[in-house]
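Chain naming follows the written order as A, B, C and D, and within any one chain the residues start at number 1.
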Amino acid sequence: MRAPGTAAAPLLEVQGLTKRFGGLVAAKNITFQVRPGEILGLIGPNGSGKSTVMQLIMGLHRPNAGSVHIAGVDVAGWPPHRIARQGVGIVFQHSRPLHRQTVLENIMLGLLPDNLLKVITNRHVHDKARQIAERVGLGGVLNRKPSSLAFADLRRMELAKAIARDPLVVLVDEPFAGLTSGEVAAFSRLIAEFRRDGRAVLLVDHNVKSIAALADRIFAMYLGERIAEGTAEEVTGDPTVRRVYLGGGIDVASRPARTARSTPLLEIQDVSVLYGKAQALDRVAIHVDEGEFVSIVGLNGAGKTTLFNAISGLVPYSGRISWNGSDLRGRSPAAIARGGIVQCPETRELFGDMSVRENLDLAGQHLAAAQAAQQLKWLFDLFPRLRDRERQIARTLSGGEQQMLAIARSLMMRPKLLILDEPTLGLAPLILEQISNALEQLRSNTPITVLLGEQNVTFALPHADRIYVLEHARIVWEGAPSRFAAEAAATYL
Amino acid sequence: MLAVQILIDGFAISALYGLGAVGFTLMFGVSGVLNLAHGATMVVAAVAAWVVAGQLAASPWMAAVAGTAAGVITAFATYFLVVRPIQRSKSVPAAEKEIFVLTGTLLWGIMIQETVAYFYTDNPKSVQPLIAGVMQIGGVRTPINELLIAVICWAVIGLLWLLVHRSKAGKVLLAASINPRALTLLGFELSRVYLSVWAIYGVLAGIAGVLLATFLGASSAQASQLTASAFSIVVLGGLGSVAGSLLAAYVVGYLETLTAYLISPTYRSMPALVLLVIVLYVRPRGLLGRR
Amino acid sequence: MRGFALIAAAALACSAAESVQAQTKEPIRIGVIAEESAIGGTGIVNGAHLAVDAINAAGGVDGRKLEIMQYDDHSSAADAVRAFQRAVSQDKVVAVIGTYISEVALALEPWAARTHVPFITSGAASNEISRHIHEDYDKNKYTFHEYMTSAFIADSICDSVKDLLQRKYSIKSAVVLSEDAAWTTPLDAEYLVCLPKIGVKVLDHIRFSPDTSDFTPLYNKIEGEKPDVIVTGISHTGVQPTVQWAQQQVPIPMIGMSSQATSGTFWKDTNGAAAGIVTFSVAADGANLTAKTQPFINDYIKRFGEAPNYTAYTTHDAVNVLVQAVKRAGSTDGEKLVAALEQTDYVGTIGRVQFYGRDSQFTHAMKYGPEYVTGIMLQWQNAKQVTLWPKASPEAKFSFPAFTQLQKP
Amino acid sequence: MVASRQLWIAFFGLAVLLTLPLWVSAYVLGVLTIAYYFGVFAMSWDLLFGFANEVNFGPTFLIGSGAYAAGLLNAHGVPLWLCLIAGAAAALLGGVVLAVPALRLTGPYFGLSTLVAVLLLQQFIIVFAGSTGGEIGLTMNDILSTEAITNYWYALAFMTVSGAILFALSRSPVGLILQASGQDRFGASALGFNVVKHKLAAFCISAVFSGLAGAMLVFYLGTASVGTVVDVSVGVQVIIAAVLGGRRTIVGAGIGAIFLILAGEALRPLGQLSTFVVSGVALLVILFSVDGLMGLLQRRRDES
């Protein structure tokens, strides 16, 4: 047991850490310290660079600049295995256990020496592994295969492996993703114990809320840069953070009440999706009426993308998804897309080596030539930027332009229902403005129905007729935008 | 004189290598399949042409068509009997599909090879040149057929280029090679895309096989050798890069011809192999490889 | 599991043995090892069957029927060794005949020695085979070489060139073109000796790898050296050099040893590119070496629809040689058979077969010479093999394709 | 537990194999002798593929180096046992030379570089035919034994020992780390393991056994030739054997090899078609039982 206390010298010290991937700056001059027995929360939306920072500390990438000190030793640029031996343990979000070995053997793996001559396991490795297993609450399943474990237990196993070597610094990636509230509590307790052991803990997550209870301090990132640092309250209060997550003040312009049709265009009834052991969607039920603009807000990892992929037939699901009253099950993703449900995915999925025009033409292949030409003209009016960039190779476009292209390409298919997944991901406010306007035009000038998934509420709200809030794989709130601020916003950040 | 000779000989053989490799690399680029039954496919085409020309005494052109058709049929057989079952199999873990497809097509290739040998012996077969006779180029006597082969190869490759870059269907192929998932989201059935790729592949391998039979002669015993050479050319050029394969084909072709002329025919294939090793270590993605 | 597969295999093997025990008198089994999908191998198999059927039709060997146990070795030494073991210890053959590939023959030689079962190669040419016997007679005496050794093939070719070409055309120079193989090493060595003897200057000696597929560079090189003839030593390759020779219209005639060209199907395989090719063989249509030659050819064509290639003749004779030895020995015991085989004096389809004794450097190789076996020279002329040497029918004469310029004297 | 079940299968099989000389002919023993050496080839390949997750398309590079090193030395009068050691050493050396740069490559590239290594070795042997005997091959001065039974015991003992070592290794901590490294590079290194070091070790072990087996094989056959120990098709057979028998089991690879050789032999009456049929069967097994024969076996056990 190391003596806790903030006086002690920091175990983990990150100094001006910078990493560039080609043109993109994933982490820019990041500096923070974690002392023994301290828990630091590193938060930021997707693409904010928080994961990169974690990987840099672990040595999975080599930083362009800056230093990483573990207990005073600069390990920047070391290979991962040496950094690990220096005293860093990591809990990956997605575990890849040895499926043919038992839980105990998997944990033992973490205890083995990096030595070719150690062909026989000695007694105390067994005992140590048992102890650790007991400690993380795996005592009962020691001799089972990982494949037979519950998701939470798999996470426990990862935790056990990470702390097997009794590391000074523990990195945890999205500690609570995919866990039920009960399990979350249990995990919090485990992580809290690290504080008692005097380890330095770095929790990496999307938002403050999930780790506020646990973290002593929060370090918030956006677009590779530090935007705020301090206690959970301070950070949640921080205007920049609020702008990043919620945008500015929430606009609650009320909309004329719509007359809902008898049969909705898209109806989803208790749809559940499992990723291996992880519950990605839990009995979700939503409906979208003809011509309606529905926003699903929720943090990254809440399950929005999974829901959309289920609709597009890309992931297996239980439950029923019906389109114009007919069940979508059994139709190929392509058929669904041709049927009028077009998804514009979070990852954009552009044809990087093709020009803007080629990307659009591909989508237009289903239309008659005349139609396609007309549609193209309309899209170029909607996104004038794209007309200027017509011949440019998609890969070389700016993030915002790529997003416009992605949306335009989906519209090129003349969808009845357009699914927009995180169109604002990592985009600068100015671009958001333009995209926002485009959506507004869509909404007011076309009969198109839109299903928008967003974590940025200010972007999601203004256009929406109805809002669903998705949290931990469940729909937790449904209602008109006007009521969101009052009922949901508070719990949101 | 010697220079001209090397230039001419190298050109034809390289063109043939190129044609052989292009289909192979296209297949990998679009559908991620390395078809180790490639050589066998070429041999089938060659022998089919030989049978039609010899046994049925048809014209060389008829034979060529028949051979190409045989190539396409073999390609489809490979896809439906071996590749697709593996790709669709739920029991094969995704991470291991590659090795399974490799092993599967390998075995399938051996089966084809043995079948050919059983019915027509493993003796090399040669088809009458489409145009017989020779002509003088810069004082070098060159079989007209050799030139014709170079022309046909380039014509076919040119057509392929047009198809891929100028036609709607071609665009879809290209897109599939860049981002298949996106293609699905845009409402294109990948299964159909793959089908057309295998068809194109069959045509290319077929033509290559027939030309091989008219030029050097082809034997079922050569099947694995043909696969190996296509494979190494493709890797040298960069997996999935058509332009790279062509470049590599010429590098290899001329390297071999030069060695054969200036050093000794015995060492013919060695420098190319050494070069391949170097490239693999120095620049694994090959000369023009993207990935 | 291993158990199962194994029992299965054993059972299968036994049943294979059982199925043939049907006759009253135990048949005499002869093992035949060859790759059936290769021209040379087909010749061996067909030749053996033809000979055996004839002998059985004539009542077999003192009332005992002959039976062929046939094994495909895919031209691989390892396969051949397995086949040999099976033949000896499973199928109980009295002797093994086969393989036209020196590598395989040399791999089988030690096994013949270990198992004391006679092995007659009826197609491999390498001198090594008989050299081993000469060097360690007591160990290797079980192997016999019922085909001409490379050295004799070279001599035969030289003699024929002397008798034929030099009379009609003045042949002053030649380039030796051989594939890099076991059997061509001694062949080339002998070429380099015997060609100068008959007044032919060897301008160059080229060996190429057997998996060469593009011969253009070779021909261009040779053409540059302006020889009167190309003297060949090729077996693994054959169709390809010939086709490319014709396609490029190489102006120099090719004569020598081209094993594939001895096959009746060669014209078809090369689409007539074979026209004008001169090759050594042991016999051919119209050769009339012995009274047996022509009848054998006719029977062979009648039964297999194509003219025999050289291994067919040698294997046919090898079977008869063996049978006579069995009769002489009055037993199928290995030692006795070897002794009897050494007494061989049999007039077959290719001439009079005798083996050299242990004191000759070619121990157990076929005797070469006008009174024994000389082999023949044949030329492909419009889809036919025409024999030109040693005895040719009066109307038979050379005809080289137009593109070859042989300056007349 | 799977491991123990595999052990039982192995023990049962071994018991059967031990009794064979009592009731099968010398010929069957001869076939099995070759099969056992192939078994070792396949098992060492499986250690590399199944556990380190590296696809080695050139097992015959290791086998061939061992075989030829031993053969060449023996041709110069070096005693047999020394040649065996030298063979293993040569293979080890070749393995390191090949692996050190090759392990930096991933996916098809690693595989190809190993394949090219084989082609180069082949060329090398042909080109230096003077000393290597070229395509005709080398004839050994010594051989292990002329007695089928003795050879059988040698081969069986060799396979059993190698198999036991490889199996034990695959179950040992090192094997555990190896699997982790093969399955998830980052995960393993984040746990403090030097992935490259372990993969290299696996390659070396694989090399030693392949080389030794190659050397023993040539001293059994009495000849070393490209066609028997170097040719790509031989390597292909090894790979097929391992995948056919069942990846990641070591034992399975051995079974696959024995099955392949026996099947080829049992089908010899089919003449040239035997290869066709064997390949066909292998293809079917791969298509319909992903875990190969071992998979079939264990499935049956599970059902009963």
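Following the convention adopted for this analysis, a contact is a pair of C-beta atoms (placed from the backbone, for glycine too) under 8 Å apart; a residue touches a chain by one contact, two chains touch by 3 or more.
For clarity, every value in this text was computed on a predicted model and none was experimentally measured.
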Required steps from chain A to chain C (each step between touching chains, minimum): 2
From chain A, the most remote chain by mean C-alpha position: C
A-B or B-C - the one linked by more C-beta pairs in contact: B-C
Distance between chain centroids, defined by C-alpha means - chain B, chain C (Å): 36
Between chain A and chain D, centroid-to-centroid distance (C-alpha), Å: 46
Separation of mean Cα positions, chain D and chain B [Å, integer]: 31
Multi-partner residues of chain C (at least 2 other chains): 37, 180, 209
Contacts with two or more other chains, residues of chain A listed in rising order: none
Junction residues of chain B - those touching two or more other chains: 117-118, 266
Touching pairs - complete list by chain label: A-B, A-D, B-C, B-D, C-D
Residue numbers on chain A that touch chain B, as the complex places them: 312, 314, 332-335, 337-338, 342-343, 345, 349-354, 358, 361-363, 365-366, 409-410, 413
In the complex with chain D, residue positions of chain B that touch it: 34, 82, 85-86, 89, 91-92, 96, 98-100, 102-104, 106-108, 110-111, 114-115, 117-118, 224, 228, 231-232, 235, 239, 266-267, 269-270, 273-274, 276-277, 280-281, 284
Footprint of chain B on chain D - complex, ascending: 49, 55, 101-102, 104-105, 107-109, 111-113, 115-117, 119-120, 123, 126-127, 232-233, 236, 239-240, 243, 247, 272-273, 275-276, 279-280, 282-283, 286-287, 290
Partner chain A, residues of chain B touching it in the complex: 168, 171-172, 174-175, 178-179, 181-190, 290
Chain B partner contacts - residues on chain C that touch it in the complex: 37-39, 42, 180, 206-209, 211-214, 216-218, 220-221, 237-240, 243-244, 247-249, 260, 265, 268-271, 273
